[in-house]
Amino acid sequence: MKLHINKQVLIGLISVLLGLIAGAILMAFTGNNPFMGFTYLFRGGLMNVGRIGDTLSTATTLILTGLSVAFAFRTGLFNIGASGQMLFGGLCATAVGLSLDAPRAVVLLVAIAAAFVGGGLWALVPGLLKARFNVHEVVSTIMMNWIAYWTIYYTIPSFFKGAYDTESRAISKAASLRAPWLTELFNDSSINLGLFLALLAVVLIAVILNRTVLGFELKAAGYNRFSAEYAGMKVNRNIVLSMVISGALAGLAGATFYIGYANTMKIGVLPSYGFDGIAVALLGANSPYGVLVSAIFFGILHSGKGFMNAMTSIPPEIGDTIIATIIYFAATSVLIEKAIDSIRKKFKKEGN
Amino acid sequence: NGQQGDSGAAAPALKVGMVTDSGTIDDKSFNQGTWEGILEAEKDFGVTTKYLKPVGETEADYLKEIGNLYDAGFTTIVTPGFKFEAAIFAAQDKWPEANFVILDGTPHSADYSEFRAEKNVVSIFFSEHESGFLAGYAAALQIKEGEMGFIGGMEIPAVQKFNWGFQQGVAYANKNNGTNIKLNAENIIYQGTFTDVAAGQQLAAQMYDKGVDAIFAAAGGVGVGVINEAKSRVKTGEKVWVIGVDVNQYPDGVYEGNKSVVITSAMKRIDVAAYDMVKAVLDGTFPGGETLIFDAKNNGVGIPAENPNLDASVEAEVAKVFAKLQDGSVVVAAEQGNLIK
Amino acid sequence: MWELIAKIFPYAVAATIPLLITSLGGLFSERSGVVNIGLEGLMVVGSFTSAYVISVLQPIMPEGAIWLGLLAAMIIGAIFSLLHAFASINLNANQVISGTAINMIAGALTVFIARTITGSGNIHITSGLTRFNVPLLSKIPVIGKLFFTQTYASTWLVLLILLGSWFLIYKTAFGLRLRACGEHPHAADAAGVNVYFIRYIGVMFSGAFAGLGGAVIIVTYSGEFNGSVAGLGFLALAALIFGQWKPLGILGATFFFGFASTLANVSQVIPAFKVIPGIILKVFPYVITLIALILFSKSSQAPKAAGEPFEHGKR
Amino acid sequence: MEYVVEMNNIRKEFPGIVANDDISINLKKGEIHALLGENGAGKSTLMSILFGLYKPDRGQIRINGKEVTINNPNMANELGIGMVHQHFKLVHNFTVTENIILGLEPRQGLTLNLKAASKRIKELSEKYKLDVNPDALIEDVSVGMQQRVEILKMLYRNADVLIFDEPTAVLTPQEILELMKIMKNLTEEGKSILLITHKLKEIKAAADRCTVIRRGKVIGTVEVADTNEAKMAEMMVGRVVSFTVDKKDQEPGELVLDIDKLSVMGNHGVMGLKDFSLQVRAGEIVGLAGVDGNGQTELVEALTGLKKIESGSVKLDNVDITSSSIKERIESGMAHIPEDRHKHGLVLDYSLEENMVLEIYNKVPYSKNGFLNFDAIRKHADKIIKDFDVRSGEGAVSITRSMSGGNQQKAIVGREVDHNPNLLIAVQPTRGLDVGSIEYIHKRLVEQRDSGKAVLLVSLELDEILDLSDRIAIINHGELVGMVKASETNENEVGLMMAGIGKGENP
C-alpha cells in the first residue's frame, strides 16, 4: 500500500506535533502532567455542544482573518493589518447595527456589506501606497492599525456612546449575527451566523484563487509583477484589488466578532485576531481549506486553554506558547522538509 | 502560591474562583484587591481558589471563563468590575447552582432593557467618593498650602466618583481647616486608558512642572507612570506627592529605604468584600439578590490604617471626619454637581 | 511656545530613547541583509529580563542592579534573537514570518515565565534611574535647557552607542562588510567575507539593542514589566525606514515619534492644545510616517538584499 | 615542467547530474589557458572548485606542486588564485576602493585605511594600464571599467592565477581587444590565466592552450596554434557545426514597424533614447547592435509599452500605438521575447501551461465568463510543447522554475510565435544557451521572417546579429549611429560603430 500525503499537510502536522511537544515540555517543567494538561485542553474545546459552539465561534473570526492573510500571501502581499481592517469593518457593521431601523434580514445584510466595504477601504490605503509608491505594506498596514485603533477610540464615545465612554451601545438582538435557533442548538454558546459567512468565504476564495481569470491575474501580479506587466495585465490595479479583498475579508471578520461574538464595541483594544490570522494562514499553507482546518484547531486551543487553567495549575499562556512554537516550526519548515525527504529516501532504499 | 489551590483536603472544600478584569492580577487595583481577599479566605477557611484571565473584554469572553470555572467545580465566582454586568446577568440563569459576586456593578441585560439580580448574585458597590474625599482631605491637611491634580484612567463611574470625592475633600479642608490648596481645572483629567505608563509619566511631569504638589492618580498602569515620575523627582530633592488608589499604594511608592512618595491612598476594601462573601457562602448567609454598599459606615472605604507620610495630628483630624461620615453629619456627593469634570 | 517645548523636551527625549536604540538594532540587522520584524518581541524579552534581574538584585545592590539589569537584557535579547537568525540565515525561512513567530513566542513565553516566578504576569522594580542635570552643560542657554536637563544616564549610554554604531558602520572594516552583506552578499562572499557570520552578528546586535530598548523602558518611565511594549517595536521598524537605514536618519525619525507622542499625551494638560481634537494628535505620527514613506519612496535607500536568503555558492 | 595549477581527476556531482567527471587540467606559468564547452558542460563548476566555492567529491588539486585543499575563497586568495565572475560581484553603492579592499581591509588602529588602499590601487592600475579611478562609485562607471575593477581586485590580492569566467560576454569588440591586451600584459608580468569563453575567435586570438569539456568530461587539450575554430567546435559539440544560418534571399514587403523620433527616459534621469527612428518591414529581420546599456532596453520597453514615451511616435501596421496599453499592443499583433526570461518572460511559480496562456488567459476558449477552462489551456500548452520540443519533468503541469533555462526559453519563443504576430521583438533570444538550443531558436526566427513577418532582433552577440539580420541598426548612447546591410558589412565595421564611431548615412 502506498501512503501518499501532501507534503504541505505533513509539514503542518509535524509542526503541530512539535508545538505540542514544546508545550508538554513546558508543562512538565512547571511540575504539571502534560497528559492531563492536553486532556483538559482538548476537553475544554470539545467536551460538549456548548463548548464546540464556542470553539466554532472563535474559529469563525479566525477563519476570516486567516483567509485575509492567506489571500494576501497568495497574491504576493503581507497583510499585517488585518487587526485594523477588522476594527474598521467592525465599526461599520456596528454603526449599521445601531442606526439602521429595518427588518432583521436587511439590517444584517447591510451590516455585513458595510463591514466588507469598511475593511476593504482600510486596506485600500496600503494597497494604493504599494501600487503607486512602492511603500512596503508591512509598515503601512502597521500604521493603519494604529490609525484604526485611535479612530475607534474617538468615534465610539462621540457617536455610539453606550453606558460608559469606553464602549458602544449594545447591538440589539435583531441586529446581531447570533440566531436563537443556533444559540439554542449549541447550548447557549456564542456561535453565530458568521460561521456560515466564513464557510462561504472559504469556498468563494478557493474558487477565485484557483478557477477564475481574476485569481489568475492576482496571483500572477503577486508572484512576479514584472511578468504580469509584460503580459499586459494591470498590475497596479491588481495589487490594490488584492489588498482590498484581503482587507474586506478582515472586515467581515470584524462583523462576525463585533456583532456576532460580541455585542458592543469597546475602545482601547487592538484585536489579536489579526495577528493570529497570520499564524492560521501559515499553518494552513495559505490554502483556503487549510485555513479552515487550522482556524478550527486554533479555535480549540483558544477555547480550551481556560478550562485547562481551571482544572490544573498550568498557566494559559501555554496555549499561546504552543501556537507560537508551531508557527516557528512552520516558518522553518525547511528543516522538517529535509527530514521528511531523507526519511522518504531511506524508505525507498529499503523498499527496493 | 495562589494558583496551587487544589489542596488535598478530605472534605470537598468550597472552590472559589475569580475572573479577572482586563488587567493583570497585581494591578494594584480591582484584580489584586479581590484576589487578596480570596487568598485571605483560603488561608482562614481552607477553600480552594483559582483565578482565570479572559482573552478579551466581551461578554462572551467573560462567560467562557465563568463556564470554565463552573465546569471545574468552582461554585462561588467573584468578578470585579462593571464590565461583568451583562455577563453575570446571563450567568445567573445559566448556572443557577453557582453563587456570583459582582463588584462595582449590577447585573443587567446587554441593552440595559432589563435589570435583575437572582438569588445567586450579590452586587457590591463602594462609595469611592467617600474614599476620595478622605484621601483628598488627608493630603490637603498634610500639605497645607499648594496645588493638587487628578489623573484618572478611563472615564468610568468608579473613577469619576473618586475624582468628585477628592475635590470635595480638598475643599472641605480649605474651608474648615484653613488650608490653601488650589485645584486648577486644567489639572483634572482622564488620560483615557488604564495602561499607558508613558503618558502617565509625562502628564505627571507637566503637572509637577506647573507647580502641582500632589497628584491623585486613579488610573491603573497610568498611575504607575505617575508614581515613577514622582520618585524621579523626589530623588533629586523635589517635594512632590502621589495619592494612591484602591489599595494601599505606599509600598509602590517606595524609592529608598522605606520612604515613599505615596502620601496616602484612597482605598476601597475590595479584599474585605471578597473575603466577606466567601465567608458568607461558608456560613450559609450569602445575601443573594441583594446589593451591598461598602462605605465609611461599614469601614468599606477609607485611607490606610498606617500612613507614615501623614503627621499624627493629620491622622487624628481624618479620623474625626471619618466618624462624621459614619454618622452622616458630613455627606459627600456622588454626583458631579458643579465640580470639575 | 518656547516654554512649552522646553518643558516637554526632556520627556520627549526619554520617549525617544527606547525607540532609537531598538531602531538602531534593526538597522544592524537589515544592513546585514536580515529583515527583523521581531523587534517588538525582542523588546519584550529585554524588558522582562531587566525587570526580573533588577527586582532580584535591587535589595542586595541598589546601585549596580540597574546596570546589571540593562546588561542582562542585552545578553538575553541577543541570545533570543538567535532563533530568528537561525531560521532566516541557516534555514532560509521567510524572514517576516520568522519575525512574527519571534513576536508571538516572546509575548507568550515571558508572561508564562513571569507568572511561574512571581505568580502574576507583572514584575515590579523599586526604583529606576535617577534623572540629573548635566553639570556645566545644562547652563548653556537654550541648548542646555533642552538637552542637558533632566536626563537619564541611559539616554547618554544610548547616544554613545549611536555614535559608536555610526563609527562602526561607516569607518571600520566590520562596517564595510556589514553593508556589503546587506547590499550584495555574493560580492562579499566572493571577497572572502563570511556572510553567515556577519548576518548572525547583525541579528544579534538587533537582539541586544532591542533588548536594551525594552530595558530602558523599565528603568526610565515604566518601572514595571507587564508583558508588552505597546507596539514600540513596530514603530521602531517604521522609524528605521523613515530614517532611511541611516543612524542619523533614525535619530531624527525616532525623535519625531518621541516628540509627537509626548505632545499628544500631554496636550490634555496644556490649554493651548485643547482646541485640537485628540484624534488628530494621536494619529499624527502615523499619518506623517505614511506621508514620509511616500516622499522617500523614490529615493529609497533600503539595503538591496534585505529579506533575501543567502546561499553560499548560489547566484 | 612544473605547473602552477594542477587539477587531477576532479569529480563533482549535483543532484541528478555529474557536473565534473574525472576532469584533469593543468596550467603553466605565464600561459593563457582556455576552457571551452557547451552550456552545462561543467566549466564554471570546475573553476568554482578551484576557487573554493564548491568542494569536489573526489580528486586532487596541486598549486605550485603542493597538494592543497581549498575550502573557501579566502584560502584560494591566500594561494594566489583570483576569479572574475561573469556577473560582477561588486557592491553598487560602494566606491571602487571599497569594493576592492572588501574582505582584506587595510586598517589603521580601529579604522579603515582608505587612503593607503586608494594609493595602492592607483599604483596597480597604472602598472597594468587599467585606468581605474579608485574613488568612483561602481554604479557610475561603465561595464568595462567594472570588469577592470574585478581584475584589480585580484591583483590587489596578489593573485598569480587569474580565472576569467566568460569575461567578454558583456563587452564591445573594442573592449574585448583591450581586455586581450590587458591579459597579455598580465602574463608578461608572470601571471597565469584560465579563461572560460564560448567564443572560439577569442581563444584563437589570445589563448596558448585550450581544454575542451563535454558533459563533464575532458575531451582533450590542444595547442591553440596547431588548431582552428572549426576543429575546436567539433570537439566541443561532438559533431560538425555549421556556423552559418540558412536564409533565402527575399525582398521585404510592407512597412510593419515605424519608429519616428522616439525619446525615452533612462534610469538615471537622463534620456536613454534620443530621437530614435527605425523602420522594420514584413519579411525582414532587423538587428539592433550595440553595447549593453546604450538604449536597447529603453527602446524595447517603449515599443512594448513597459515604459512611457517622452516624445516621438510608434506605428504598427500604420496604426499609431504610441500611447496604447501593453494589452492593446499584444492584441494588435506585437509579440515580445523578453531579454530577461525570469524577470519578464515567465511567472516561475506558475506551471508551464499557465505560462503558455499568460497573455491570452482571458480569451475564449481559455476562459469563459471569468472562469478558466483548464482543458483548453492544457491543449494549448501541449501543442506548443510538441511544436517547439519543450522538455520538462512533468509536461504541461511542470512548475517552470524547475525547468532548464534552454527549455524555458524555447517555451517563451513558442508562446510568442504561436500568437502569430506581425512583429516579433526578440531580445537576446539565445542568451546563455548552448549551441544546440541556439541553432533551434535561430531557425524559428528565420522561419518567422520567411513567412512574411517582421522581426526586430536585439542582441549583444555581434555574431548572432550578423548571422540572422537582413539589415543592422547600430545604437550608441541612445542614438542611431548607423544602418548597414548585413551582407555588406563585417564585424569590425559594426564594432567600431558600436563604440560610437559612426558611419554617415542611413540606407
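Which chain is which? They are A, B, C and D, in the order written, and residues in each are numbered from 1.
By definition in this document, a contact is a pair of C-beta atoms (placed from the backbone, for glycine too) under 8 Å apart; a residue touches a chain by one contact, two chains touch by 3 or more.
Given the structure is predicted, the values throughout are model-derived calculations rather than measurements.
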Field: Both-way neighbours, i.e. chains that touch subunit D and touch subunit B
entry: A, C
- prompt: What chain pair shows the greatest number of contacts?
  reply: A-C
- line: Of all chains, the one whose CA centroid lies most distant from that of subunit D is B
Statement: Between the Cα centroids of subunit B and subunit C the separation in whole angstrom comes to 35
Field: Centre-to-centre distance between subunit C and subunit A (centres being mean Cα positions), rounded to whole Å
entry: 29
- line: Between subunit C and subunit D, the Cα-mean centres are separated in Å by 45
Message: Two-or-more-chain contact residues of subunit B, please, as numbers and ranges.
response: 1, 3, 192, 195
Statement: Note: subunit C residues in touch with at least two other chains are 278
Task: Mind listing each pair of touching chains for me?
output: A-B, A-C, A-D, B-C, C-D
- line: So, in the complex, the side of subunit A touching subunit B is made of residues 44, 47, 50, 54, 57, 153, 163-166, 169-172, 188, 190, 261-264, 266, 268-269, 271-272, 302-303, 306-307, 309-311, 313, 315-316
Field: Touch list for subunit C against partner subunit D, complex
entry: 171-173, 176-177, 179-180, 183-184, 186-193, 304, 312-313, 315
Query: Okay, in this complex, where on subunit A does subunit C touch?
result: 26, 30, 78, 80, 125, 129, 133-136, 138-140, 142-144, 146-147, 150-151, 153-154, 270, 275, 278-279, 282, 315, 317-318, 320-321, 323-325, 327-328, 330-335
Of all residues in subunit C, those that touch subunit B in their complex: 7-8, 10-11, 14-15, 62, 118-122, 124, 126-128, 130-132, 221-224, 226-227, 230, 261-262, 265-266, 268-271, 278
- line: Contacts from subunit D onto subunit A in the complex sit at residues 304-306, 325-327, 329-330, 336, 338, 343-350, 354, 358-359, 361-362, 367, 370-372
